[in-house]
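Reviewing the structure listed below.
Which chain is which? They are A, B, C, D, E and F, in the order written, and residues in each are numbered from 1.
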């Protein structure tokens, strides 16, 4: 099977951030995203709300450049005040080129 | 800890496909699978149904050969008409050999 | 984006094990964890309970040493009697050093 | 009551207003979200409740009384998809798969529209036969099978053995709960129903308010698809219900149904399925575009019937029954 | 009423038919699925409702009246696991862990079977003591502790400090809600209960219909395990309830319970826990095979009691009470 | 009734006892968990039910009668955050963001506390104006806007355009359901309400029991934050409700509200929002610490009002209404 090497960016954040995160990762070049409800604990004892269904996990498959931009953005705007964790995994995606945006294609 | 290198195949698809996907990946040699409910957006604006709990994420740990067969199969039969995305990740699995089927064992 | 290479340990287990697993992975050095509800099938036909919300997926980002300790522990105490699967993935984590505990920092 | 008064009575009922509130919630992009389990719970409840009530009524109905209406219903289930298919192909110039998909939806029935019709009659204090839910069970399946058969014959059906497809339709949760409810209701009779009435009968209208709030949100999320749907689909989504509604009312009257019963058969014929049909079509006809069939059923026909259709079919029934209660 | 009539009355009640519908849904592989939160919500509701009603009754009961039945219940909770364990070891030749696990389940009580018995009595218009839910709370825990103690003594228990295990049992949600409901009901009295009755009392039977629909699906999913369960487990799953049912009825009569109350104590003794016991056993006795204990409790004993057991224990109670209402 | 009797009446009501049970469940680390969809379903239900009842009452109220109380409510919504902010800054010496966050919460209103007050009056058989839910809708939003404005003026607000923030508050689900319910209730009138009453009116108190059980668990999970909260927050969380409660009662009496109505306006003023305010504040004032504002609103003020506050404000109202019914 021919696959394309992409980056999977995973962001776990307070549920209240979901609309904003989705808006922003799309603006930064992601062609899609997948969200699921999760719960967890980290260094921050306090939680923003006990009603917002805890945390969300947002995953998006993107090219390396877009991945970088998303992480930069999240680190710059969310880490200080919100409960957020973000990481990247290398993945091999079937028909992966359709998840690349133009900016990702150029450098490679 | 001694672990075995396997492939994790992840498929995100319309919930209506769940029974079929599970039947087929088992037939192709997966020894197990894990499903969770997710939601998301991609290139396809339209959704098959607003009632089927959106999308499902199916994950299965398999040998490289089985992973390939599953991806081939999904690409051939689901990509044209359904909202589907599929990828592979390298993972290190505890007692991983019990998730290999005979066909995966031979080549290694 | 500067990221830190960490291990993501994923454990899928019967829901009844959740409190125990969380207690133990924290004791073994994880600084946090994320849990979600999943369902699945594996080699074990029988399930402990049909009411406990099926399985849980526990994910924790940790240093390599902690990852090893967690996997050793799970393999030693859970694999025999419970329906459990566990694996490790390499990930690149934003501000990743805050998820390392002292024992992970020394060797590197 | 004249037409306008009927429409007003209908539009100001709590369930229709809740539907509108759901639409508003989506349009103002409120963070109101219905948890999926709540939606599922409500739909299990509504289907079972309708079945139980219908079953208890059935236990007191002579089979003779049921014969005519049942035949009329089956006839609708077989004939409606045939001409719906032809119209979509000829007039709409859509693909075989899309035509068959639309035929399946418009030939089958929307349980919620049916319930809204009963609720309308209750508010207008018009009686109706208790066995009507049985007719819903009869109308749900045939059209889907006829439409899929059509698609196969015309070479438009891609996937799925007949076994899978039939299983999907017949063991689908809406048929199972409706039929199951009917059997439980019939077997345990009115005494049995009385014991569960404080759960399944009295709070029914209120539960419907919650459900229609969610339906409003779901329908409104489809509204943006209306732009791409095109003029044909709009005309189809309003014209077919009117045609089928009048036909249903007429068939009901001929088959001996009361004023209320004929109205409900009209509503059933006019309604388009969006639970059983979409699930079966998505599996058996993956090449059909849900942007057409779901949008037509959910964003056009459902709101149309709910707001304007039901009082119109009732007015037609009054006219046919020559001055009924009006 | 003769035996057959009682069984018929029971089998045609909406709750039993709903249970059967759930089994059918699983057997025909319907896509009907109960969202897990709905199951949890219903079980919270049922436990709390039972507790509230029992508590309000308790607020009007003299402690003297409760003494005998409470002692009888505690006696059952301690003795039943002892001989259940011995029978599984000697006759069934199973491991220590499996024997202790089965002993815990059969010594404890199934709240839903208890509720079904009340519902049966209501339909047959047989009165019963209001404080019976208190006995359920008393019967739930001791057997689990006795069985786990047995396993430890015989060297079969692998893991978990006593603290963890006791906490699991005593702070488990079923005991907490039942006891909590009892206390709330007792403290706020019948006046308090009256205010919440339209939620916790009137719709109770209907909510039970939904719950048993789900129980039918859950039990049926275990049916395939029956093949591997073997003849001993089948005999055990039917024989023990009969034995314990008759014993419970007898003890109840001796302790001064009414016809209805003795029937219910029989049902409680006959029932096997599948909420509190499985959770505790899975943690404290991981080497016990859920394929045995859950299958026996859920796929054999629960359906048996629900359909045949309850009317049988009632008939026995009638006979013991020398011609009760029969 | 004297003060102690009032407090006792309140404490032994099923809803308060359920709240306590929730606290106990958390403290004993029970595995009882409320599925999130159940919580959401109950909150949709409660908000809509309150709106519907208020709307139906509104359809029979002259606007004149509403004028005074509405003005009083708006006045509270604008003034309370101003002095709350000042007190937190001056006395509490907290940051601008934290002060504005607390001001938003204490100026807005807790719907559940409001409902508990109605429930208390019902139990004490004290009448009240039917339009009170309208006042809740009026009180919910202004304080949040005033507080965020304050934060901007003092340079403490980090993020979010005004558009986003206003949208968050005005299209938030609590305002949408409350206003939506009011409009539906007003449009369909008492006849419309009667049709859905077996769902939205009769079971309301019981549904509230479930909801407060969950609220107890949520509040108790915040208890450990109390240690870090400090003396000021404790004093603030008890002192402000007392101050605002008396003020609200007085304003209500002056504006012509009945004994019951004045009590409720007092409770509204005394209560601190924990649905609308936290969501808006978290987005618009991320630098404010939820460990302060949520802990104060949820773990201090909410339990205080629920147990002690409501009877106290009622006693004050009795005193102001010069011997009312006492």
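In this text, a residue touches a chain if its C-beta (ideal position, glycine included) is under 8 Å from a C-beta of that chain, and two chains touch if they have at least 3 such contacts.
It should be emphasised that the depicted structure is a prediction, and the values quoted were computed from it without experimental measurement.
Novice: Touching both chain D and chain F, which chains are there?
Specialist: E
Novice: At what distance in angstrom does the C-alpha mean of chain E lie from that of chain B?
Specialist: 41
Novice: Once you find the CA centre of chain C and the CA centre of chain D, what distance in Å lies between them?
Specialist: Their C-alpha centroids are separated by 48 Å.
Novice: At what distance in angstrom does the C-alpha mean of chain E lie from that of chain C?
Specialist: 36
Novice: Would you please write down the residue numbers of chain C that are in contact with two or more other chains?
Specialist: Touching at least two other chains: 36-37, 89-90.
Novice: Hunt down the residues of chain D that sit against at least two other chains at once, touch-wise.
Specialist: 31, 35-37, 41, 198, 203, 279 - these are the residues of chain D that touch more than one other chain.
Novice: Between which chains is there touch?
Specialist: Contact pairs between chains: A-B, A-C, A-F, B-C, B-D, C-E, D-E, D-F, E-F.
Novice: Spell out the part of chain E that touches chain C in their complex, as residue ranges.
Specialist: 36, 39-40, 43, 158-159, 218, 221-222, 225, 274-275, 278-279, 282-283, 286-287, 289-291, 294, 298
Novice: For chain C, which residues count as touching chain B in their complex?
Specialist: 12, 36-43, 55, 57, 68, 71-72, 74-75, 79, 85-90
Novice: Residues of chain C touching chain E in their complex?
Specialist: It is residues 14, 16, 20, 37, 45-54, 77, 80-82 of chain C that touch chain E.
Novice: List the residues on chain D that touch chain E in their complex, please.
Specialist: 35-37, 40-41, 44-45, 48, 52, 167-168, 170-173, 176-177, 180, 183-184, 187-189, 192-193, 195-200, 203, 279
Novice: What residues on chain A touch chain B, complex-wise?
Specialist: Those residues of chain A that touch chain B are 1, 3, 6, 8, 31-36, 61, 89-96, 98-99.
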